[in-house]
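Several structures are given next for inspection.
The same chain A turns up in both complexes below, where it pairs with chain B and then with chain C.
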Partner chain A sequence: MTGLRYVYAVCRPFGAALQAQVGGVAGDPPRLLTHRGLVAVVSHVPEADFAEEPLRSHLEDLDWLTATARAHQQVIDALTAVTTPLPLRLATVFRDDSGVRVMMEEREESFLRTLERLDGRVEWGVKVYVESAEEQSAAAAAEKPASGREYLLQRRRRTRAGEEMWQRAEEFATRLHQALSGRADDARLHAPQNPALSGAAGRNVLNAAYLVPRDHSEEFVELVDRTKDDVPGIRVELTGPWAAYSFAGENGGTEDSREGRS
Partner chain B sequence: MTTPGRLPEPYGQGQGANLADILERVLDKGVVIAGDIRINLLDIELLTIKLRLIVASVDKAKEMGIDWWESDPALSTNARHKELARENEELRQRLAELESGRAPKEETP
Partner chain C sequence: MTAVERREIALVDLLDRLLAGGVVITGDITLRIADVDLVRIDLNALISSVNADVPSPWGD
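Coming up: the complex of A and B.
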């Protein structure tokens, strides 16, 4: 049998079928590989694309990376609809089924522990953006300064407005994070996103992930919705439900479980 | 439906999902397992530094020597205060100049 095995996720056995139209990485619809009490979700992928050398050069191709990342995420999404998957990092590839089985057996205990911890929970992403001080005061600065003194006063006002905006944004983000953490089983703060890549307007001041039981997700979403228009110039963005990516690490954290080599 | 437990409608996902959100998760979160094909995603050269930053957790980015946000006023309170202090100083100087001699050096003859 030719082809490599691309592994998306590990789950407990689940009864429901996956959505029929999930394409999978390299166009191979995901298959279930059951071993003892666990299921690995895999696609058969060609060596020509997923052996070390071609994979490395593909990953440097942003279009390929984008398509593959979306295909990967689509499978994880389909799994999230029917079970609680433990998502693996993009491009986890084995030679054959037996390689996947060996990996599952070696990590069985920790997989089961983590799956137990995440069971019935999903991840919600919450980001807070603040409009930049320049945008905020652009309107105010429209009139031309009549004198140097006027110019300085305007500039000082702008600076002060900017500083106040930041303070408000920070207080808002802290308050929101506290409130949401109180409704979540766990929370993670991620590095702010770079607007050049995310294409989002404004500066990202909070980028957080919350682990929330499915059954409480509706309340969680409502809570986020209620805060949305609280402060002018501040925008709250909610994404999800995601598989518990940010909480899948061994210690319940985002720490690498990488084993000394890379 | 077959969904175990009720889930609200997805927010900001599906085909239109923000690429940054997807990459952040599939490249930097989730379980790391050394497969048979060993690729360190953080070694991939062409992903720009900023793309790396977005997919790398802060600690990892620091390990890689990426720490520009610490001096970026938009991302760091510390840097912001420094920036404000600097600007304040600059303004004071200009004000003093203007008020003291009506900027004698720039006086037109």
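Coming up: the complex of A and C.
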């Protein structure tokens, strides 16, 4: 049995051993494939699941996607504990070891450049949510309107309150993003999250990632924490530290955006 | 970093990074899987399967 090669990340050679309990995608513990000055972190995965056609349909299966994404993340996390990995996009698959080697050789210079840029840095995610006008005024508008005219007045008040809230949230998010960018080496804006997917309350108005030196992370986190309760109706959420997923692209960011690539 | 709440990572946050971040590798020797437009996977299609009757797997 040979299987395909699933590549999680590329790193510089590192001395420490990977955490023993890392399962890996398809249950295959990650292996290190060293080629020249780089190490690819690889699992052997079955063709029945990871060839193009089955992969395409698996990616539409939420359970499969969840399990694969979590296994991928677990490996990246274990790597982050011992080195600064350059994570690859989910489900990057090669036919065999030599395919991985050719890829490493072709992109060697760019990998080394990016690894140097990311060295010793982690990614923090910061999201800002605003409670919708409906949620905000739900309590206030509990009393039934006495008339159609009263109803229209209430409605107008609610709309105005919503607009004001929205503007405050915009200003808050812009200010926060500026402040955090000033403390980070780099920043990226992700598309706001769909509340139906995240299950989070309120509307996501900022979904940003910041590249921060590991040594400065504590201050960065404190800065985020301090802003948390600044404005009523606005919620700030912090995630991380992540490997520098959002800063892995050659030009400093992801190589494409949510809007698609050319 | 004590003030940070540590919860299980939400799937959406993970997918923001795994599907939109990371190095995109293309090349003839790959199975062209990297070309599959992962970014455009219609996650909306997944929502219905989640919201149907099962509680959301990614918690709050």
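As a convention for this text, the second predicted complex is superposed on the first by the 251 of 262 C-alpha atoms of A that agree within 3 Å, B and C clash if a C-alpha of one lies under 4 Å from a C-alpha of the other, contacts with A are read in each partner's own complex, and residues count from 1 in each chain.
Here, contacts are C-beta pairs under 8 Å (C-beta built on N, C-alpha and C of every residue); 3 or more make two chains touch, one makes a residue touch a chain.
Keep in mind it's a predicted model, so treat the numbers as computed, not measured.
Colleague: Should the superposition on chain A be reported as showing a clash between chain B and chain C, or a fit?
Modeller: clash
Colleague: When both complexes are superposed, which of chain B and chain C contacts more residues belonging to chain A?
Modeller: In the superposed model, B touches more residues of chain A.
Colleague: Who does A:34 touch here: chain B (first), chain C (second), both, or neither?
Modeller: Touch partners of A:34: none, neither chain B nor chain C.
Colleague: Looking at A:163, would you say it contacts chain B, chain C, both, or neither? Reply first, second, both or neither.
Modeller: first
Colleague: Just chain B (first), just chain C (second), both, or neither: which does A:148 touch?
Modeller: first
Colleague: For chain B, which of the listed stretches 41-49, 77-85 or 95-103 runs into chain C?
Modeller: 41-49
Colleague: What residues on chain A does chain C touch that chain B touches too?
Modeller: The answer is residues 4, 7, 10, 50-52, 55-56, 59-60, 62, 65-66, 69-70, 72-73, 86-95, 99, 103, 107, 114, 125, 190-191, 193-194, 196-200, 217-218, 221, 238-239, 242, 245-246, 248-250, 254, 256-258, 261 of chain A.
Colleague: Would you tell me which residues of chain A are touching chain C in their complex?
Modeller: So the residues of chain A touching chain C come out as 4, 7, 10, 50-52, 55-56, 59-60, 62, 65-66, 69-70, 72-73, 86-95, 99, 102-103, 106-107, 114, 123, 125, 190-191, 193-194, 196-200, 207, 209, 217-218, 221-222, 225, 238-239, 242, 245-250, 254-258, 260-261.
Colleague: Which bits of chain A are touching chain B when the two form their complex?
Modeller: Residues 4, 7, 10, 16, 50-52, 55-56, 59-62, 65-66, 69-70, 72-73, 76-77, 81-83, 86-95, 99, 103, 107, 114, 120, 122, 125, 132, 148-149, 152, 155-156, 159, 163, 166, 170, 190-194, 196-200, 203, 213-215, 217-218, 221, 237-242, 245-246, 248-250, 254, 256-259, 261-262.
Colleague: Would you tell me which residues of chain C are touching chain A in their complex?
Modeller: For chain C paired with chain A, touching residues are 1, 3-4, 9-25, 27, 29-34, 36-47, 49-51, 56-60.
Colleague: Can you name the residues of chain B that touch chain A in the complex?
Modeller: Residues in contact with chain A: 2-8, 10-13, 15, 17-41, 43-47, 50-51, 53-54, 56-58, 61, 69, 74-75, 77, 80, 84, 87-88, 91, 94-95, 98.
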